[in-house]
Structure formats: structure tokens, C-alpha cells
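Chain lettering (A, B, C and D) follows the sequence in which the chains are written, and residue indices restart at 1 in each chain.
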């Protein structure tokens, strides 16, 4: 109810502030009998870790995950899995300037309006560092889904106005990690890198679009009416900081289509019902069709920019100016890819359990 | 968990199929002491009722709401409010053709994949008739919010590629009900009407965009992290049949902006913190800023079209064709306006209660 | 959150006041493919109906259930089942006296303290009439459980200090409906009947104990830690009006036992792990052992008595007296039996779905 | 849904196994602005810590709590509070004997039936060590409640058949910590101590009854119908390992009373509605009356006893015997007192927030 718990049957509770002692997650609902190790989690955390390249913040955290419970002899036991990452490289002092002057585009003002108090250091709870817990939980969700043949591929489809060309699922998987912008179209990726470098020089930032494709989802997944698969994906993805839009399948283009264009005709293929195209994005009436789930999120430019901006001083109640120092990504989509994949994995694992496609007690027997 | 319940503290449970005996809703969580009557509900139901014009299905239901509980001497008592509308004009036989041949773009196939059985008449549970319950519940949410100065205006912003010009909140409220397309830009509305009429002739349909603006939301509403106000709005609006996308504030445009363009600078105005523009759409970090909440949904064209479409026969497992008869709206956005407003109202009422802006027990003293 | 919804995956929402237009329930989460009819529900409602004998209130409602949704061709479709019973025999005027003078032992005062307004007629929402929705929902839960070999037997174990002798599950099922006190020990039943008749003469009432036995529960049902099977049974049964205590297995007697007496030793029987006795009442660590679940609830005497009682006038804020007229059961346990069975069935159906023993989508295939 | 989360608005998620790396809790829903420190938590943890006396297990853990998030400058910020205690003194080898031979009265067999795998060391997740998280979370709930004048007193009312005499709330608070049995009647406490000492000699154990009294609860707290205050207390207390029964007010005695005895007459006192006695235990219709809440739980004897017991070998599927070594409390009620108080505090804090008696956002202003 207080907003830090996500999911119904596969549930994560994230906790931690940017400059607190640690950040972490408790995963409740992973069935017993899944073999896993810290390496499975670390692999995903390493993908979201800052300090990896010129497109991300130079803050360098080791971000080593520690698993504190729920595992026995290398296997999940059905009990909660608590994981944490210690905060080590927190330079709080560089945030003193923002204590009373809310940064435009950030949650500083709204947290203050809500709570009357906030941990301003590094954005506190509203920092992207909170997503460590999501990625750690998402890593377990991915691992669980992979046993049922479900795979997720995120990709930066657009950055600073540069659009990637459409690629197949396998092409994306093969190329996405080859460049720091996480765009599988390597030509577009190069242009994106140039764009980002130029903006960084100017002390500005840029937005983009992340696309998520899911392969292997069985037909019949998703609850009707309110807990639709697409509703839950929308909620999950909008909960990632900086996301301002979500679309599935044809998305906003559907608003300009005719019914005869939009509808995906059914046909039999190898004894199975399928569709020759996928404007629906793999979901009809909130329930999966068995085709790929395809959705996209719009990501705003990083709000932390070096340029001088106007703001207010909450103590003097007067207008003032701010120029943000500290360490920040000049663009968010590349690092958002693993976070967005994690949120998709969490939604799918949750629904696979709710719908009885995965036994909620145990995978043994 | 089975998906027919929405909200945490202001909760609705909708029930009913298109051609069952009735459709309805139970509202749980309305505080005691709110004066209301059937007329308050009926007014909103009348807005979503079919058979009102050439842009909507000629099915003519009276759609008279009956309140069965939770009211005493004209006032809410804090106990659940059960409301129903009887189904009277159900011509089930016209749906016999679709029993085994799923309509493209509809939930026929996915319900069958999920449950192995479905009430095919009129789309059964996946019919837009289910939204009656939402609108009835939403009417109470609106009434509750209005006591706290919160008002919601829906508007068809785009239809069949025709875009309305930007209008003020008051202009929208004044003009939106003047034409059957529910577009407050009356010039655009005329063109939209023509477009719809032409498509109806061709047996085709068209999509559009609905915009929602909320005035009067206090700063500090919304939970951080997962139950953000925008996340919950996204989920709520994506749960409406035919919605394929959601955006807030600058939305997908934000993906093409620079940080220096996107950020809304803070300033003091009459002793209050505000912003000179509103790319954020009234929400930062999932919490309201106090500015207008502005969001939009992409609506696909009505999947029921007169044109012949390809599909499969689920009994013979062979390809076949279908041409849909029955009665259908040639375009969805106009009738979606009151439904979308209802979902927004439900989310806001829920958060106003969760965040303690409204007392959950009683409005009396 | 407002308290009228019970269960996680098998969920009921009850609504309605004693003297409102109707009372009812929405069942969300019944998997598709369960054949049922109004007769299945009616059978259980008839067991709880008033006006059946000298131990219950002479109020005579037909209590005919109407199913409004969720059923198609005699089978559940996986969508919500809405059921209602119209209130027909409501003599509201006999309650005028209690409008401002809360009845001792009733919820009149606490509802007023909470809400500042209440429907005083017949106890409003706090009336035992609310349990109609529970019994209707419970009837579906029972039907579902019976397909998995799970059966529930309620029995009045004690009434007015008269204790029944221990009987087998089959003896209880055979005899429990033979007398209006619903005590399967027919000798004890006779004494109970006399006791109740005597008290009715005096304008007084009497309490008792209801025992519930469940056969056929698989081992491994129940979540650990907070959502234990016994925790959920306790919550479910305490939610029935007039229940003041709950115990499982040895219950309060366990407080006086030694470990060596209390512990149930394990042994192999026909290749299966079992116990030679069942002080645990079928649950260890919150999870079922596979033995019978045995629990009991303490029921207070009917608070509505003819004798003069002291109370206050909420308008004048002065002490006053009250003698309750109206129609009331002189004792509650006999009519509570079907209600308590329903609550037990609801908890078990919910856990069978949560734990994956029953597929939550469909029973077909 | 997987059972490790408790509460709606004040929510705790506990995690950890007896011999895992640590045990802990995440508290979600504490409003911003509550001053607290590790000392506030430690004080309560010290009360439940083992190794304190001859009535508890000699396992000696320092049980030092570490607060990892949600606190800034000594105050809650409204974000989740993560707390952990490292497991240091875990002698796992002494549990090898029980790996395949479930201990009678323990959850060994049922966890195995449910999950097919379990961490057998020290009982794993079903160990009483899990209650550390509850007590840490409960400490914050208590602190929050104390600001609103709500105080909780637990007391061992009965142990091994020895019953304490009734004492006032203040007498209990004054004396309860004076003896290791936590019985405020010091004469009875002495006899209890002797009883426990004797049983320990015999390698046996003994049960008892814990009473909880809550002072200062406002009238009007609790949701009607399913989420009654007493229902939620029952669930909360039954979720503590070894609890086999719950009663409120007159409890099981109510089953033997007449209505005229049981009912608590209302009267005016100093301008306030009150009752001259409290058989209701402070709750009518699930809602608080404003009088003390009084409830009791039946606690079974410690299932771990030195005596030889019969059990089965789960690998050979044959009967066998077991004599439990390891370190165990000879009786549970004394150490349960702080745990039971914590569960009561969690329920009350949750309802105070749900019902709007405490603002869920912030205590500042």
C-alpha cells in the first residue's frame, strides 16, 4: 500500500536510498527448487551498474550482491530471498546545494510536498539506485521464466531522435550489448554515441525509446478486465524513473489506423492458431495470444543537467538558480534496458504463477 | 487476484457479461457521509450509453442504474454500494456465427485459450458493456473528488488522423458534449464526424486519442516507487478495452527532447511553488506537483468491421473467413471519454484515501 | 481494504444491509469449467435461512438466490459470479426504538463511533443477514473443493453448557441436520432444545461452541509465516458475528499439556506418513499435515434479549433503558453452522488455488 | 501472497532462516516524521533474545539490529525501513540428525510436503528466529502508537496449569519483566519457574496462556465484516509459532454465558459512552468500543523435547525414533510476550492508518 511492493504472487519489496547504508530487495513467491547463485544476480546487476562507459555516470560502485536468505544447497526453498548491495561510493557533500532547491524534473519537490522531510543526498529514495533491487529481483524472475522457454530482449530503439532499424529477436540478443548505448542496430548505435557525446559537452541530456520483446509466452496468460497483461506491463514500466509513455504493439500508431489495417487476421500454422502480423503486440483483451509481446517506453532526457536552471529556495520561498554538479548519465535509455527487462520479467513471472502455468509451491516433481 | 477488482482503498468489483442478466459493480471504500442519488450515477451512465448518435452502436439499452445497498437517507454509510443495470436488448442470435470463429482484434481467441470455455454472446465479459460498472463506480469517485475541488475533463484529441487544437480546461468542459464525437474543438469535431460517416459506409473503423486533464490535485499525491500516480493511471487506462498506449505530459515527445527543454523550471507564484510549463504532466517521481495532470491514451479502431476478414474455425482447426454483423460503434474514443474519466477518478479517489487527504471513515466532521 | 472483500485468489465481496433492497455477493476467482446451478447455492442458503424452527427467528424470507453473471450453459466461465437475494420481509418500524439507543452487545454504538451515520434498521450492515453472501459464495467454494475430495462438516459441539459426545465425521454428516440445533449427538441435541426453549421463555439467550472438521485436505496446503492455514481460518471464523474465540486441534487444552502429550508422533501407514493422533488439528507450522483439520469457535449468546438492559441515548447523552423487541434467534450456533462451513470452504478454496493444487484458469483439461 | 508479508498500510515483510546468514524485516508504510533509533528496536529485541535465563534456550546471539534504510537525521522519511540481525551462533551440525526424520510437533514434515526441499538447520524458516523481524517491525509500530496514547501490555497468564491472578494494566507493566517467566503475578511466577525447572529435568516441556491488554484505542477502529479488528488480531496471533487458540474478552467462557450476563450495558461517564464491564474485550462488530482490548492466546508446549519420540525416516520410508538435542526453550510463553505484543502493535498501527486516525504520509504538521 505504501508503494514499495510490486506483484501479487511473485512479489518484490525494494528498499534503500542512494546514500543510505545499502539498497536491496526481498523476493517473496519464488517457488522452491530453482537452482541459482549470486553469479546469476550479479550478471544482471553488472549490466545496470554505473561507471561503465562515457554514456553513464562515472560513479563507480562495485555493486556486489549478497544473498542473505531463501537459498539452501544452491536452490530456492520457497522462502523469501533477501538480497542487498552496500552503498560504498557515496559523495553526499556534492548534494548539499540541492537540499533546499528542488532540481527541475526531479522528485525533490514532490517528496518534500508529500512527506515534509526527505533524504536529499543523491535523490534519496527517488534515485535510480533504487532500481538495483528491481534488477536483482528481476534476475530471479528471468531465471524462472527461462525454464518455461520465455526470453526477454530489451533494446534502445531511439535515442536523441536517431531511430534504429527493425531487427529480429535473435539479432537484438546478439548485438545489444556490443555498444554502450545498447542499440542492436550498430550503425544507429554509432550515431547515438556521437549525439550523446556532443550533448554531454553542452551540459545537456537527451531522451529515447526502449523496446522490449518477449518470446515464448503461452497463449492465455493475463487476467481479464483490470489485471490485464498489458495493464500490468504499463504500470510496471511507468514505475521506472523517467518513463513518460508506454505503448504495446502498434501503440500510438493504432490511433491513426483503420480497423482493417489494425486487426491481425488469425490463421492456422502447423496445427496452431497464430496471426500473420502482430499489431496487437501479443495481447488481446489483456490476455496473451502466444505471439511475441512487443512494447515500448518513452524515456525523458536525464533531468540532471549542467546548464543553469531556474528553481526556488524552499526555505526563503524565493526564486533562485541551480546548476547541477554531481555525476549523472547524459542519457537514460541504455542503462534502463536491464531495468525495463526486469520489470517485464517480474510481471510475467507473477502472471505465470497467478494463472497456474507455473506451480507456486515447488518446481521439484 | 482474478482481475475484476480495482483499487486499494477505493475499490470496485465489476461483474457481468454483455448478454447475461445484468452488469454491475460493488464499490467498497466510499467514506460515510457523502450525499448521492441514482441521478448522480445515471448522468454518467447516460454519457456512455450506446444508441446516442451515428457514431455509436444502435443497440439501445435504457441502462437504468439501481442502487441496492450502502445508502441510507440519501447518504453513503461507509458500507459497500452495490449497483446494477439489467441487460434488456440482447440479441444473442446475431453472435452465433462467431461462436467458433474468433474475430480478429477481439478477445474471443484469448479467452478461449485461457479458460477453454467462454460466453461468446456479444463478447461476453470482454464486451465494452463491462465498463458500465466502471462508470457507475467512477461517478461516485468523481462526486467524492469534487468535494475536494478535483475536476476531470476528457476530450477526443484526435480521431482518424484529425487533430484538435489545444483548448483550455474550461473550454473543453463547455464544448465537449456539444457533438457526438466529444471533441471540444468544434471545427475538428465536424471533420471527425465526416470521417467516421465515410468509414461506416465502407464497413471500416478508425482509432483516435483521448486526452484527460485533471484540475485541483493537491501536491504530494501518489506513492513513490511502484504505486506512482502515473503508474496507476497507466494501468487504469490500459485496462479499458482498445487502449494501446498511454503517455503523460510530454509523453513520447519527451523521447526527442533535451533535458533543458523537457525540465519544467520551478518558480514562486503567489507564495506557492509552481512551474511555468508542464511537460511533466503534473507528476514528478510518481507524486503530483499540484499542476494539472495531463495524460493521453491511444485507442485502436473498433475491431468489429463489416469487411471480410480471415480467421480460423476452432472446431475444424481450419482457416475460414468472417464478416461481422451485429451492432458496433465505428469508432471508440467518443464513448470512451466517460469511461476514461471514470478510471482517472477511481485512481485519484483511491490515492486521496491512501495518502490521507480524505478521511477513509467518514466525511461527517 | 474497507473490509468487505475476503480471500486472495478465491475472493468474495459481500454487500447489503438487513433492510436495504437486497443482499449479495460477487465471487471472483472461481476457475472456468465448474458445472453449477442456482439449486447448489439455494441448498446452502436454505440451511441458514431464518424461520425454520423454534430455535431461530421467525422472520421468514424466501431467500431465493438469483445468479446474475459468470455462468454460461450451466458452467462457470472464469468471470465473476454475481448473486443476490432480495430483502422482502423487512419490518423496519420495529427498529425505530434503537435508532439512538445502542443495543448492548451489538455493533450499533461502534458503527456510529466509526462512521457518524448508520442504517439502524435491523442492524444494517452488521446484521447476520450479511452472511447470506458468505453462504452463497461458500456454496461455490464447497462445490469446487468436493471435486478434489475435500469435505467439511460443521456441528454444534456445545450449547448452553451441554456438551455433545465425540462423533465420527460420517456420524456428524448423517445426523447433524436431524434436529434444529444442528448437534449430531441426538441425545445432547434434545437437551439443548429444552435449554433453548426455557431461555426463550425468560427472554434470555445462550451461547455455544461450533466444531468444524475437514476431511481430504492434501498435505502441504498453507503458506508459512503469516498466511498460515490456521491463521486464515482464525481470521475467517472470527469475522462471523458473535464469535469470541477460535482454537485448532487441542486448542486451549494445549496450554495445559506437556510436550510429550501434545506432540503427535509420525508413523508410516500404507506407505504414507501419518500421525497416530491429531492434537495439531491437521496443521503444523501453518501447513496441512494431511490429517483432518479440526477447529472450534466460541459463540456468544444472542445479544438481542427481551430483558430490560441499560444503555445510553446518543442524542440526549443520558442513560436510559432498552428492551429489545423484533425477531431474534435465542441462540446462534445452530444457524452459524452453514456460515462457519462456508468460511472454512472459502479459506480452503483460496489456499488450494494459491498453492497450485487447483488450476486457477480452468478445470477443463 | 506467498505469506511473508503482513498488514495493509503498515506492512512488514520478514525474511531469513535460523541458520542462514541473517534474519530481517522491511517495514513499509511508516509515515514520515517519526524520530527513532536503533536503541528503540534493540530494546524490544533484547526482550525476545534467547539465552537470558533458565527458561529459554542457551543459544546466545547478540541479536544486534542494523537499520539500513528509511531513516534520515534520526527520523523516518516515509520510505521503507530495512533492518537486519546477523546470525552468528549457528551450530548447524547438531541438526543433521533431523534432516530426514521430521520432529513431531514441528513443521519439518509439512515444509517438506509443501516444497520438496527445506533448510532443515535449526528449523530453517519455521524457526522462532523468524520472529526477530516481527519484533523489530513491531517496535516501530509500538513507537508510532505511543504517540497516539496507545499502549500494549503482554503477560503470561498461565503456565503449566498455574494461573496468575487478575492484575491491573499498570501492575502488569510494573512487574512483568521482573521474572524470567514474564508473569506479573510474582507469586504465580515463582511457582511457574519451579514447574519449568522440574520439567526441564525430565526432558519435557509445558504450554501456557499469554494475555494482551491494549489501552488507549479510540472508539471506531476496525473495518466491518471481514477485516474486523478481532479477526485481524486472531490472524496475527495465530501466525506466531505454537499458538493453538485465540479468544477475545470473555472468549470461550462466552459460550457458557447467557445474553443477560454477557452483554456489557452502556452508560455515560464524564460525557463519554462507556461500559461498566468488558466481556466484549473492547470490540463489538469488529470495531473498537474505546474500552481496553483484552485477548488471550493458547500456547502449546515446546515441541522439541529430550524424550524419545516416534517418527519416520523420509528417505527409507520406515518408522524410527528421535531424541532431540540442540538448544530449546522448555516453555514458549515467556519469550512469546514481546512477539505477541509486536503482532498486536502491527495490527493496531495498520488499522490506525487504514481508518485515518493516523495520517499515512507524514506526522510533520
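Here is the rule we go by: contacts are C-beta pairs under 8 Å (C-beta built on N, C-alpha and C of every residue); 3 or more make two chains touch, one makes a residue touch a chain.
Everything quoted here is computed from the prediction, not taken from an experiment.
Q: If you take the mean of the Cα atoms for each chain, which one ends up farthest from chain A?
A: C
Q: Starting from the mean Cα coordinates of chain C and chain D, work out the distance between those two points in Å.
A: 27
Q: Distance between chain B and chain D based on Cα centroids, please, to the nearest Å.
A: 45
Q: When the C-alpha atoms of chain A and chain D are each averaged to a single point, how far apart are the two points in Å?
A: Using C-alpha averages as centres, the distance is 38 Å.
Q: Listing for chain C: what residues touch at least two other chains?
A: 1-5, 8-9, 14, 79, 114-115, 125, 220, 224, 354-355, 360-361
Q: In graph terms, with chains as vertices and touches as edges, which category applies: line, ring, star, complete, or other?
A: Drawn as a graph, the chains make a fully connected set, so complete.
Q: Quick one: which bits of chain D touch chain A in the complex? Just the residue numbers, please.
A: For this pair, the touching residues of chain D are 1-5, 8-9, 11, 13-17, 20-24, 26, 28-29, 32-33, 66-70, 72, 75, 77-82, 84, 114-119, 124-125, 360-362, 364-365.
Q: For the complex, give me every residue of chain D touching chain C.
A: 1-6, 8-9, 14, 102, 104-107, 109-111, 113-115, 125-126, 130, 158, 160-161, 199, 204-209, 219-228, 230-232, 234-239, 241, 244-268, 271, 273, 275, 279-281, 283-290, 298-305, 307, 309-312, 314, 317-319, 354-355
Q: Which positions of chain C touch chain A when the two form their complex?
A: 1, 8-9, 79, 220, 224, 354-356, 359-361
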